[in-house]
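Each of the next two complexes has chain A plus one more chain, namely chain B in the first and chain C in the second.
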Partner chain A sequence: MSDAGPKLPDRAKRILGRLVDASARERILISFASLALALVVGAILLLASGAFATCGSPFLVFGGIEFCYNPIEVYRVMLNGAIGSPYSIGLTLRETTLLILAGVAVAVTFQAGIFNIGTQGQFVVGGLAGAALVQYTADILPANAVGGILLFVLGLAAAGVAGALYGALPGVLLAYYDANEVITTIMLNFIATAVAFTTVRSFLREGAAVQTALVPDYAVPPSIVFPEASSFSVLIFIPTLLIAFGAHYMLKNSPLGYNIRLSGEQPAAAKYSGVDAKRVIVRTFTLSGLIGGLTGGVFVFMVLGYWQPSVPQVGFDGITVSVLAANNPLGVIPAAALFGVIKSGAIALDLQLGVPRQLAGVLRGIIILFVAMPEFMRMIGRKFGLGETSATPAQERVTEENDD
Partner chain B sequence: MSHSVELTDIRKTFPGVVANDDVSLSVGDGDIHVILGENGAGKSTLMNVLYGLYQPDSGTIRINGEEKRFDSPQDAIDEGIGMIHQHFKLVGPMTVTENIVLGSEPTDSFGIGVDMKTARREVREISERYGFDIDPDAVVEDVSVGVRQRVEILKALYRGADILILDEPTAVLTPDEIESLFEVFEELIDQGKTIIFITHKLDEAMTVADDITVLREGRNVTTLPVEEATNNHLAELMVGDEVLLELNREPHPKGDVLLTVDDLQVANDDTTLVEGVDLTVREGETLGIAGVDGNGQSELSDAIAGLLDADGGSVTFDGEDVTDWDRKRLNDAGLAYIPPDRQEQGLVMNFDHGENVILGEQHTFPIGRRMRDDELAEKIIEEYDVRTSGTGAPAKSLSGGNQQKLLVGRELERDPKLVIASNPTRGLDVGSIEFIHEQLLSVRRDDRAVLLISSKLDELQQLSDRIAVMYEGEIIDTVDPETVTERELGLLMAGQELTDVSPNSDRGEGTSQTAGIDGESE
Partner chain C sequence: MIENTRLTRRRIGLLVIAAVAVLGVVASPYRTDIRNLFTVGFFNTALTLAVPITLAGVGGLYSEKSGVINIGIEGLLIAAAFTSVLVTGTTVSTVGADNAVWLGLLAAVVVSTLGALLFGVICIRYKADQIIAGLAIWFVFLGLAPFFSRVYWGQINSPTVATFDQIAIPVLSEIPWLGTLLFTNYPTTYLMLIIVPVAWYVLKFTSFGMWVRASGEHPEALDTAGISVNRVRYASIMISGALSGIGGAAMTLSTVGQFIGQGQTIVNGRGFIGIVAYLMGNYNPIGTFGAAALFAGLDALQVRLQQIGFDIAPELFGAIPYMAVIVVLVFFGYTRIPDRAGENYESGDD
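Take a look at the complex of A and B:
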């Protein structure tokens, strides 16, 4: 390790090292500055693409060029679409709920220095398990509130357990067979999607469409406070917040949490203090998978109402959310809210302003990229051992372990 | 007299720390200029500024009278400055020649490939010119640490360095190797080079220097010619007050046997790292283990402490067979371990004091309890004189000496029966060294035991009741620190049995060269 770090120009190393050593306050400031910069770049992009588009009433004609999209109007509509009415707030919070869960699932493993890309797969498997349980047990249970609660609880439990088992798999592979977690989790994501598709098509399909049976109305958590159409339930949102707080509490108040942080910070110190790194890896992955699976369950019960093989990339968004939150479960809450706002704002753009969906997607991507990139670079810097406070990556720790 | 390097009012700050506080210094052409100071005095920072690794906040650098600005080490290399770092930057499986020309290879007539013939010739020429006895075709990982260091020096010379900066070059060398490094210095000076030599060892400074600059807390305390310096004076300048260099290890009665190691074996793949080691440590006793780094000491201590599985033999601690116990169980049984690397193993740099003091005891905490102990941290800060801004400060904010005090305090506050201390004072300033020595003596006074692994001979002689010398995984002799000389210890560390030694014997030199090869890669 005497010659640590990749072959990078010294200047790049210095900048990465500086990022690694940035204080919490500096990092929050950087995030806001990035957001502002993203809005400026997005505005330039809107002006430029508006000049090429053809429209009936350009908001500005300048030097013979017609500008179709007014950036300020675009941002206003986005904000309005995200938080302008109880309905849109409901939609935003629904999205936020999923992102909080997925973000926490990722954050737990990232805290341990494990680059877990597998939350998407656990989300898929969890959702499938929850929907399958509903399909098979709905007829047995009474069709009333009690049966609904029972169905809901059992469904989420199935989703959590399935996610946990599916998450434990790459954990075992990393801990005992030295298989790089980035590669195994990405592969397991593909496997999850393929298995889900085959299972639904061959076993769970009831009609023509490749999808599971509908969750009965009495098992869907009620939309109190917010309009029913937003299908957002505070009854799920609050426990979700509790999971984020619980994850934070677990990290600070349990030996497992201490060991997770310890393994992420300094694997050698973990070993020195008698921590069984392999066990910590498997437990961390299992815990992360549990939350990832729950995300799938919540998606089935609250958002979609059934399960189908093509689902949104909530698990991947969770990675970005976690990175933006510096892998702090409490930080995941505002980070997920920001993402929720951007996501439902982008939908409103398409509907209200006639800004093409692709452009709205680009705008969304720019904001996310800008805001997440500083923290992401910071993690890369740490992985390469730059800065004064770097840890060794998980991979190396296990390799050392397996050598003896 | 002309000055080849002149630094004027160099100031370099890091968040919260002034590493160099308007340091000025001039190095005479063809001189050996020693920069002396405790760890954290700003020596390395100053040299990294000169080498272009850091940009100073203010101040100027002049090389041969001309003002320069170095944005990167390449700029410094272009001006004839070469730096040899403490940790070598060599590629193990490549030959000496390949390492030396790496990055500035002579190209063949097509301008594409490497002209290895020319490279080898040039390396041989340059090596002969400076009287280095080096085989250009030797593979770097097969040669000793001393030879590797010369390869580093040749690398700098090959790139046309006239001013050589050596950052604590002696830390990894045996006494013999240090001596021959100093001979190399003479040769370089004869050839018109200028040397800047960073160290915190007084004797070395006195031996080779023309001028000595003492840095303390980022400031240049003084620069003086070696004729005006004495050991005591320099030590005073380094720490700011009078230092006691003699320690009082009063005799102490020995109690029952506490630790017995019997025929212990530790192997890694096909190499045996610890081979049939037998040891006993009694209550009230300090057993020292001497040896050049990489001769199995760290594996021995890790195996006894429960971090490595033994491949044979047994360990008995406090009357129980603990051969298969893990670190947790041994910690609970009263076996404390001060590990060799405080920044990687012993402390978690981003954890604060409250979190760090429970490291090793975390498994005893029930779920729901805050994973920290601020009361204990307060107590350690108080009793072990840890200079810190508070229990909430991360360990990385402490100086090396204070980090080690926090670590030693944590291990000793657990009231252990046996303390394994592996190089507990490496790289520390004089004040911290004394403090930690005093703590280790008090362990012994309390009828507890210390197993001290160290590469510092004076430390071993001052603290130990017996010294066992390890060489290539075996204990080749156990000696009495009162009667053994540093020269005898040096010979044992190089693998020669004392009975073999005739005054002019060079036998065993070859084997000693291979001794510490992997020392730096741990």
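Take a look at the complex of A and C:
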């Protein structure tokens, strides 16, 4: 890195470091308050947008304007659709599984002070690699449980490796060419989509639709406990939780984890203590890509059963989940569960009330917006008498940093 | 020494681009095909496609020069593209197509500027981290636009609406070649052609331009001179909003005539490409336009190749501008950003 590090990460490191400084309790408060405020803003948006929608029976007519969406009803349907039956709980846990993985993938890099937006691309590439492996090896392997397990393991390995390689790329570009990782990862997301589409259309397509072959039944992880229709397997969920715990343990106890945190929290100290910043950047990115790729693999095996080019923006959701969890892999679990409720609730909402499921995307943005404003949250906190955070350490740090 | 490395890398970068271009033309076995490819129509298309990238870039440049890195520009383009179609579509029956497109453009500028103001308040008033706040603005509009599309039109892509007509400027448009390239264009393209030199002049030669630069480099000096740093930053951010407004509307009202809410919407990363354009253009509006024209040229090439029947995967070809962005970042990524960009400034007064 010679005498000057990549510009953005240094800055990012200070800021992320500052976020870590805020006490854990304050961070949890900020996260819950952000979620609550996002729901309030969402309710106002729903009320307002309901005036522009067309519906048979508006719930409220006021001043000649027909309001189609009742926010309370909307949230009730969402909650019911997310946790009202074993089937819907299965759907929510299915979302949660993907969100935990994507959230951990993002959190690992954010902890290092790297703004990695590329989990989406790694998700796409990983899923594609997993599906391609299924298509090419399903005929060779025996069509029984053993073959199924082999297919599953190989498919997930392919997904992880593809994701790791695709994740390493922006890491190398950042570490050795100072290419801003926010931009490179976003560009790589677009490229991933294009490559995936072309690959499926030209090489993997079997029928008329642009999609890969189905994962054979015997390779689909069995849904125990929950109804089969919810495409959720506890056998995947438990390892997912272990990955979150593992990432937490790795960050706390392994040399790489220590370097990641040090680079994120105190970049100057990291430099003086001889941390090889370039290597940390590339390794962090690779690790994150590995988990991002696995997310794609799980999506193919457990959720969709094949691969097609237009996939949900799980990688972007992972950013919200990670930010909500203060980039703590353990915090990612409850954050993913909460956001999972929103996501699967939104689908029920669409089907039952005709309110666009894109509401989940709206909330995704608003949540980050509020988490990004700790000052705003503290202000609100003080208003409501939660004043123990009145001396804002972040502010002092900013002035300090302005001096160098 | 670092300065030297950077300079060398930039020079190498420019050389590589030039070499690839020359080689491509000279060594190609399809020389006549290439002549068919680079028609004046091709360059005109490239110019039209450069509008959103250039305006997003020039706007982002002002914001970053003043000390606020605006990654949210992508979101502002989305907001503008959506609003322009919404307003044009709903007003066309009362005011007629000719006026409706202008109303659409105006509304896009207003909404995008308000979006930028929101970003400014979050960054300046509430001291949010600029990168996270920018991501948030992007995500908010990436979520809102398809949501509202479905609320209003019942589908994620809007129906088609009226669009601007190309205006041929009398006399000038008769000039061979140049007349077709520069003087037969959409109003939004003319706006860009005016805005770029004006933005360059303002930044370089006016006192406001000096304040913007000082606000990003030496805010204390500006403060001492009695100019409010934060006010200058708000103004610069809102400029980025207004320009993104025109850029977003140019996409929908000058060519496509529709808002596409699928995937990453019709904007599809052009805001981020704009950011790379001003990095490559070294924070110079004219350089930004040059870089944007390069990316737009690749985009136009991809369209043109398909038109003349090259049977290559169109989606992969569509990704060429994104790949070019990464290549450019490798060579030009290490531009010197304003000293105090990304930091909050607190005046000693309050």
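Going forward, the second predicted complex is superposed on the first by the 293 of 404 C-alpha atoms of A that agree within 3 Å, B and C clash if a C-alpha of one lies under 4 Å from a C-alpha of the other, contacts with A are read in each partner's own complex, and residues count from 1 in each chain.
Following the convention adopted for this analysis, a residue touches a chain if its C-beta (ideal position, glycine included) is under 8 Å from a C-beta of that chain, and two chains touch if they have at least 3 such contacts.
Quick caveat: nothing in here was measured; it's all calculated off a predicted structure.
In the superposition on chain A, contact is made by A:L363 with chain C only, not with chain B.
By the touch criterion defined above, A:G126 reaches neither chain B nor chain C.
More residues of chain A are touched by C (comparison of chain B with chain C). In the superposition on chain A, contact of A:K271 is made with chain B only, not with chain C. In the overlay built on the shared chain, the residue A:G90 is in contact with neither chain B nor chain C.
Of the two partner chains placed by superposition, only chain B is touched by A:N259; chain C is not. Of the two partner chains, neither chain B nor chain C is touched by A:P221. In the superposition on the C-alpha atoms of chain A, the part of chain A touched by chain B in one complex and by chain C in the other spans residues 2-3, 11. Of all residues in chain B, those touching chain A in their complex are 15, 53, 72-73, 87-89, 268-269, 306-309, 326-328, 331, 337, 339, 341, 344-351, 355, 358-360, 362-363, 365, 367-371, 394, 396, 520-521. Within the complex formed with chain C, the chain A residues making contact are 2-4, 7-8, 11-12, 15, 19, 45, 49-50, 52-54, 115, 117, 173, 177-180, 182-184, 186-188, 190-191, 193-195, 197-198, 201-202, 310, 316, 319-320, 323, 356, 358-366, 368-369, 371-376, 379, 394-395, 398-399, 401-402. Across the complex, chain C meets chain A through its residues 2, 71, 122, 126-129, 131-133, 135-144, 146-148, 150-152, 154, 156, 261-264, 268-269, 272, 275-276, 279, 313, 315-316, 318-319, 322-323, 325-326, 329-330, 333-334, 337, 340, 342-346.
Those residues of chain A that touch chain B in the complex are listed here as 1-3, 10-11, 21, 23, 252-255, 257-259, 261-262, 265-266, 268-269, 271-275, 388-389, 403-404.
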